[in-house]
Structure formats: structure tokens, C-alpha cells
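Just passing along the structure, written as C-alpha cells.
To keep things simple, chains are lettered A, B, C, D, E and F as they appear, and every chain counts its residues starting from 1.
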Amino acid sequence: MDSDKLNFTHVRAGQPTMVDISEKSPNRRTAIAEARVELGADIIAKFTNNDLQGPKGPVFQTAIIAGTMAVKKTSELIPFCHPLPIENCTFQIIPNETDVTIRCEVSTSGKTGVEMEAMTGASIAALTAYDMCKALNKAIRIQDLRLISKTGGKSGDFHA
Amino acid sequence: MDSDKLNFTHVRAGQPTMVDISEKSPNRRTAIAEARVELGADIIAKFTNNDLQGPKGPVFQTAIIAGTMAVKKTSELIPFCHPLPIENCTFQIIPNETDVTIRCEVSTSGKTGVEMEAMTGASIAALTAYDMCKALNKAIRIQDLRLISKTGGKSGDFHA
Amino acid sequence: MDSDKLNFTHVRAGQPTMVDISEKSPNRRTAIAEARVELGADIIAKFTNNDLQGPKGPVFQTAIIAGTMAVKKTSELIPFCHPLPIENCTFQIIPNETDVTIRCEVSTSGKTGVEMEAMTGASIAALTAYDMCKALNKAIRIQDLRLISKTGGKSGDFHA
Amino acid sequence: MDSDKLNFTHVRAGQPTMVDISEKSPNRRTAIAEARVELGADIIAKFTNNDLQGPKGPVFQTAIIAGTMAVKKTSELIPFCHPLPIENCTFQIIPNETDVTIRCEVSTSGKTGVEMEAMTGASIAALTAYDMCKALNKAIRIQDLRLISKTGGKSGDFHA
Amino acid sequence: MDSDKLNFTHVRAGQPTMVDISEKSPNRRTAIAEARVELGADIIAKFTNNDLQGPKGPVFQTAIIAGTMAVKKTSELIPFCHPLPIENCTFQIIPNETDVTIRCEVSTSGKTGVEMEAMTGASIAALTAYDMCKALNKAIRIQDLRLISKTGGKSGDFHA
Amino acid sequence: MDSDKLNFTHVRAGQPTMVDISEKSPNRRTAIAEARVELGADIIAKFTNNDLQGPKGPVFQTAIIAGTMAVKKTSELIPFCHPLPIENCTFQIIPNETDVTIRCEVSTSGKTGVEMEAMTGASIAALTAYDMCKALNKAIRIQDLRLISKTGGKSGDFHA
């Protein structure tokens, strides 16, 4: 990549701006984003046995619900995001030894992609899990929040 | 830490719940949180020379504004956060070689702390920077979102 | 109905989830919902004579406006509702002897129905009428909040 | 009650208006509200055995989370409600033979009461349970949404 | 005024920022703002006779309700406004020959003033009146949106 | 114009109401609105030299961001506005001798126009500029908030 050619889509004449999507045509678009929440081995141990009657149920269900609601709020939170009709949003929670992976998949039929929706959903779900566990461990970190894949855009599909 | 003693403050009788703060007394509380946005060397090069007339101004000012507005929206995003009267919120943007550190400091006079506000502010500011740069680099990651310090709570101050 | 065959559309693998509507085709959809607010004979007496200059104007107009705004906010309030482009929303206020019926009709052109929008609109309009009258009667109840009809869905029209 | 003496607190000179609370002093206030969701015996049967791994977990946890978030949004939904610092909010879900009772308790330290917050919380939690079960039974009704008790106001405590 | 001495409270080190109010003490504060909506003589004629059963009732009551709700949303709309507990908010609608004056008065007990709340309330009430009349006259203008008075701040009271 | 023929689109049977757009067909629509913020010569002098490193950058960029976010929130603020998929939103800031003109252009593909979106965007951008400068001059006024043009509606294009 040649840095001289970099072009900020959201900056025009020195000012921040929305990208004009009015000439684009709507099509089916999906995006997947992921984050890892480093809860630590002690908290993870509380979640073993796939025990939905234990704290795992409330913790992860709350994270999923908060993440879903945040996906729908993305254009309110990120100043230059376009509002999009979210048609599906699913979460997967994958416990590892000392952390959990939170994966958020979003789809729409619109004129622009849902990367930011998937990123925002994964981020708020991770923050909610953090909130529900923070009394137990103040050193929890959220890591590797990133886009895993996107499909449907003019610039081609992307897979990390 | 003995995992048997871990107690989820937000889970009572198998159900998620808000923590009761009605018996606590209000006092001055602060929290600082941080995230690193791995933009990559090419984008960082665009931001050198402390150039506010270049893209840096719009990119980071948009991130600061989005982050500040998200701090005020925290109790709408995180299901069991209490609404708090935010009295101050400042951001620092510290460019490194291949990433930028976004630091968010929040203060209130209230019955509970502003950790989640600082974490949410840093997170949404980082996502906004990601949004404004994502056309240039699809592999941007947000790393190390974490609490740096908090003061004013009954359980004592915390410094990472 | 055989309870063994009941299938929760919003629960997959033990977790709450949005229903995927991406493969559905958009069409015209309407829904009507109703609630009764048992204000009591004394308050209803204040509203006779179709007197818009009396308290009835402000009370019911405020209820209609709050209900209309709530219809547009439904997907923010109900975690797994999809955002829909509301194209029409009307209210009817029908005074009875000791209560008023609040009827909310909503229409859209979308991939899923507007039942929840009509239910939420009737509910918030009823709560607003309650709020404006509660100083006069603490025993007000909201009754029979229910769907009256829906049209346009794949599963056929419904009339209560 | 003499209907001539009825005085609408929210109507002044023929116009709707907020009630002035600036001269009141803040104190601890609580309110409890309740609604019954008539899900029908078939759906209730799915929820027996206190089975959190079955649909009950997701259905009622989603209702509790939506209700808690709605409590915090009350002053956005009901036009003349004052914003209040919610300090506690808890839900109880009590299954009966053919319906469930949803009870919402709210507390604050403020200049006015939290009746509308408790009523709104019970209402949105009931609507969320309705949403999650409506594919199974279109005839679900929400009944008896009402105030159970309030404490802390100048006009004395209330118990239904 | 010496322009060299002008100091932007919301700009620090070239970046926009919130003003820190944590060291201020809370006290009673009020603000009044006003706007004029130039509806034109034809529309104003429809509103004569103080006719609440005619369009005036719905038009101005809708404006008052929208304005009141906007006052409570000010800190969501204006990036660096602090959230404040609104304790009173009233509107006056004063019809003139070819325009109406909309006056909004707000009060709080807080650490900073409610100027922006009063200005935002007057502005959104005026826009709502515009919206409800715009099919009749596309040339409606909103004029003279300004602060009329404020009291309670450290810098002394202000009267325009 | 004959005032007898004036017909309030938002009033039916004495009650405020949304306009039904369900039978209209979607097409490309744009609107431009403008406001002037009378900041006074002293503040304007601080903004000369197109100096983005001075206060102008933060002040006007904050106004643009707040305005863009308000455009997307219009249907939440104006009770009978329909939600629309905003596809573009741009701002121009034109400094004059004693004031600045803020121009907001919005476009959508929808069943109704974006006049209110453009008017709301210009209004909130102007209020944000006011907020950031109000410590320097309490007599700032917002003037001439009005529609400049609209295209795409059935009733034909409009140019002020």
C-alpha cells in the first residue's frame, strides 16, 4: 500500500462527512466480527458444564441481548454510519481456557455493508460480559476486536 | 482467588439483575480506560506532523465526539448500568508507530462508579476511528480495551 | 395445540435470538392493537361533551403523540424486533362509561409484520393517559392489551 | 370523589404540561407495578420444572432485561415524566396456571416518584414475553397492568 | 470585547472537549429561550378565536410535547452538554399577526445551567410547528432563536 | 392563498396524526436547509485564515457531527415524521462578516421527503455552534432557519 494514495472516505475538504450511497444499489450483505474477553481462569471455571442454570445463562444471555440491541443502534453511535434495516443478527459465545470469544453475525439488504454493525455488536456484548464479571476481576481485557468476514459489497468479499 | 467464592453481583436466583445502590452514599468518582487501535503504519504515516488540517483532525475529533456521546449513553447500552450525572469526560489520543492509544477519563458525583462509562467511551471512540479508516485497511484491530484506574469507590482505588 | 410441538422462534440452542427475515419478501402489512384504560367514572365524566377545550384535548392528544413516537421506537424497546419503515400510524380513542379504549393501527412495507409496533403504541398511549390521570385515581388499571388484527404476513391474516 | 374537584396536574390553561418539582425535596422512593400475561396453558406447560435450560430462561431473562432498560427510558417514552436516577430495579416472574405475573420494583432518591418507571418496566417486560411467544399463540393478552404500591411521596404511601 | 482574550471553553489543545463541572456546587438554575415561527397570515388566521377544537390545539400541543421531550434529550443532541435532572419545563405560545412566538422555560438543580435545554426546546417546538404547517406554506422561516434570560449561574444572571 | 382551503395534513378529526404514505412510491429525494448563526464579529475574527488548528476546527467539526447525528434522529424528535433511510448528508459552513451560514443537504430513496431532516440538521448544527461559543457572547441568535430547496416529491420541486 502506498500511503500517498490513501484516501479517507469520511474526510472531504478537511471536514468529516458521511459517504454518499445514494447511487449504489441495494443487495444482500453480511458481516461477521469477533472479540475475545479475557475473563481469567477463575471466572471461566464458573461457566463449565455448559451450565445455563448457573451464572453463564444470565451473563451470556445478557451479553447477547445487549449486543443485539447495540447492532440496531449502530448508526446512532458511529457518527457517519448509515441507518440500515437489520434483517438478522446472531451471536456465538465460545468459551476457551481463560477467555471467551464473542462472535456477531449481521445481515441486511441495503446499499452499504454491515461491518460497523457487527463490530459494534461484538463490542457491546463484550463490554456487557465485562460489566457482569468486573466485580470478580478488575483486570479483564477485551482483545482482538476485528472483522472476520464480509460479503455483498462492490469491492468484493473479505475473509480475514 | 478461590473460584468457589466468586459471586456474580448481577445474578440473583439464576436471573440477571441490577445491583441495588440505594443505600450507598454519593461521592466523587473517576475512571480511566484505554484501547489501542492498530491502524497500521501506512495510516499512521498520514497522521504525522500533528497535522490537524490533514485527516487527523477530522478522524480523531470525530472519535472524541462519538466517544463523549457514548459515555453519556452508557446506561442505555449496558443493561444493568445505573444512569449517572457525568460531570467531566476527556479524551487523549496518543499516536504510536503502528497504532494509536485512545484514553478516556470520566468523572461523576454519584453512588456508583464510572468504569463502564470510561470503557464504553474508549470503545466507541476506537470503533469510530476504525470506521473512518476501514476503507484503507480491512485488517484494523482494536486491542487491550481495559480499565487503567478508578477512584472513589468503597472497595478502594484501583490502578492497573 | 400439542405443547410438544410448540417452537419458540426466538430461542435457538438455549439462547435468545432474532428471527432471520433476510429471505422473506417485503409486502404491505398492517396490524391493529387495543388496550382499555379503566380511568373510573369520575375521570370519564370530565371528558364528556367531546370537549377538546377541557382536559380531554391535552390528555388524549398527549397519549396519541406518545403512542406514535413509541411505535417508531419499538425495535429499540423489544430486544428482538426488527427495525421497520413505519408508513402510517393512527389512533382512535373511544370513551366508554368507566374506561376508554385506545386503538392503534400501524402499516409498513417490510419483510415482517407490525404487531409489536401496534401493541407497543397502544401500551405507551395507555400508560401516558394513566400518567396524566394518576393524581386523580391511583387505582387505574390497563386491561386487555391485545392484537385485534394483522394482515400481509405469510401465515395468513388474523382477526381476533 | 367529587368530579368537579378533579384537577389534572398535567393540564394548565388548556395545554399539556410538566409538573414543577423544583421546590420538592429529594427522598427515597419506591414503587411496585404488576402485569399478567395470559400466555395460555400450552405455553405455560413448556415452562414447568423451573427449567432454565428450556425456553423459560431465554424468554423471561429477555423480558427482565428489556423491562430494566425500559425503566431507565421512561422519561423518554412518557412525555411529562421527569428524568430520575434509578438506583434499583428488580423483576419477579411468577408462573400461574395459564398466565405469568410480572412484577417490577423500582427505587430512586429523587424529587418525584417512580410509579411510571415501575408501570413502564412491567409493561415492556410483558410485551417482550408476548413477542417471544406470539408465534405460538396469537390470542395472548396482557391484563391488570397496575400499581401495587408506592412509598416516599408527600401524599403518603399507597398499597393497592 | 478583545478578540485576543476570547477563550473557547469547549476547545483544549486543538480538540473539542466537555467542560469540567465536577468542582462546581449544585444550585437552582433557570433559563428562558424563544423562537419566532413565521407561519404567514393565512395560517395564523386559521388559529384565531383561541380555537382549541380547530387545528391550533393539535398543532401547538404537538409542538409543546415535542419541545418538552427535546428538552430532556438535549445532552444526547448537543455533544458536550452535561445530562441534568430537568425539574420543570413550560411552554408559552404567543400568536402575533403573521408569526407565533414560542417561549420555553426550563429549571433544574444542578452544577451547570439549562440554557441549551431551553434553546433546544424552543427549537424543536418551532420545527414541529413548521412540520405541521409546511404543506400549507413552504416559505415558513424560524427566526430569532435566542436566550431571553438565565439565573443561578456563578457568572451572574442574564437578561436579554 | 385562500385560508378557507388550508388543510392541515397532520390534523384529522381534531387530533394530531401521521400522514399515510403507504400508497406512495419510493423515489430519490433531496432537501437543503440553512440557518445563520449570528456569532458576532469578535468570534468570527477568531475563525479567519481558514485556521483548522485554531478553534474553528473543533467548533465547526463538532457542529457538523452533531448535525449529521440529528439528521438521523429526526423521526425521534418530530412526532409525526416517518423514519427514512438517510443515504447522504453533507454540511457547508460559510463564514460571513458577523455570522456563519450553516447549510445542510440530505438525500434518501423513500416514500416521503427529507425537508424535516435537513431543517433539523441545520438547527442542531447551529445550536452546537452556539453552545461552543456561548461563553464568549450571550447574545448569539440563530436566524433564518428555512428550506432552500427540495426535489423528488409528487408536488414538484421547490427552490426558495
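Operating definition for what follows: contacts are C-beta pairs under 8 Å (C-beta built on N, C-alpha and C of every residue); 3 or more make two chains touch, one makes a residue touch a chain.
Fair warning: this is a prediction, and the values are worked out from it, not measured in the lab.
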{"item": "Farthest chain relative to subunit B (centres taken as mean CA coordinates)", "value": "C"}
{"item": "Selected pair, greater C-beta contact count between A-D and A-C", "value": "A-C"}
{"item": "Interface composition of copies subunit D and subunit E: same or different, split at half", "value": "different"}
{"item": "Counterpart interface for E-F, drawn from A-B, A-C or D-E and sharing over half of its contact pairs", "value": "A-B"}
{"item": "Centroid spacing, where centroids are CA-atom means, of subunit C and subunit F in whole angstrom", "value": "32"}
{"item": "Junction residues of subunit A - those touching two or more other chains", "value": "14-16, 52-53, 57-58, 61-62, 65-66, 69, 73, 79-80, 83, 85"}
{"item": "Arrangement of touching chains [line / ring / star / complete / other]", "value": "other"}
{"item": "Pairwise chain contacts under the document criterion", "value": "A-B, A-C, A-D, A-F, B-D, B-E, B-F, C-D, C-E, C-F, D-E, E-F"}
{"item": "Interface residues, subunit B side, partner subunit E - complex", "value": "28, 52, 57, 60-61, 64-65, 68-69, 72-73, 83, 85-91, 93, 107-109"}
{"item": "Residues of subunit F touching subunit B in the complex", "value": "52-53, 57-58, 61-62, 65-66, 69"}
{"item": "Contacting residues of subunit D [partner subunit E, same complex]", "value": "12, 14-22, 75-76, 79-80, 82-85, 110-111"}
{"item": "Subunit B residues within the subunit A interface of the complex", "value": "1-3, 6-11, 14-16, 35, 42-43, 45-46, 53, 55, 57-59, 61-62, 65-66, 69-70, 73, 77-81, 115-116, 119-120, 123-124, 126-128, 130-147, 158, 160"}
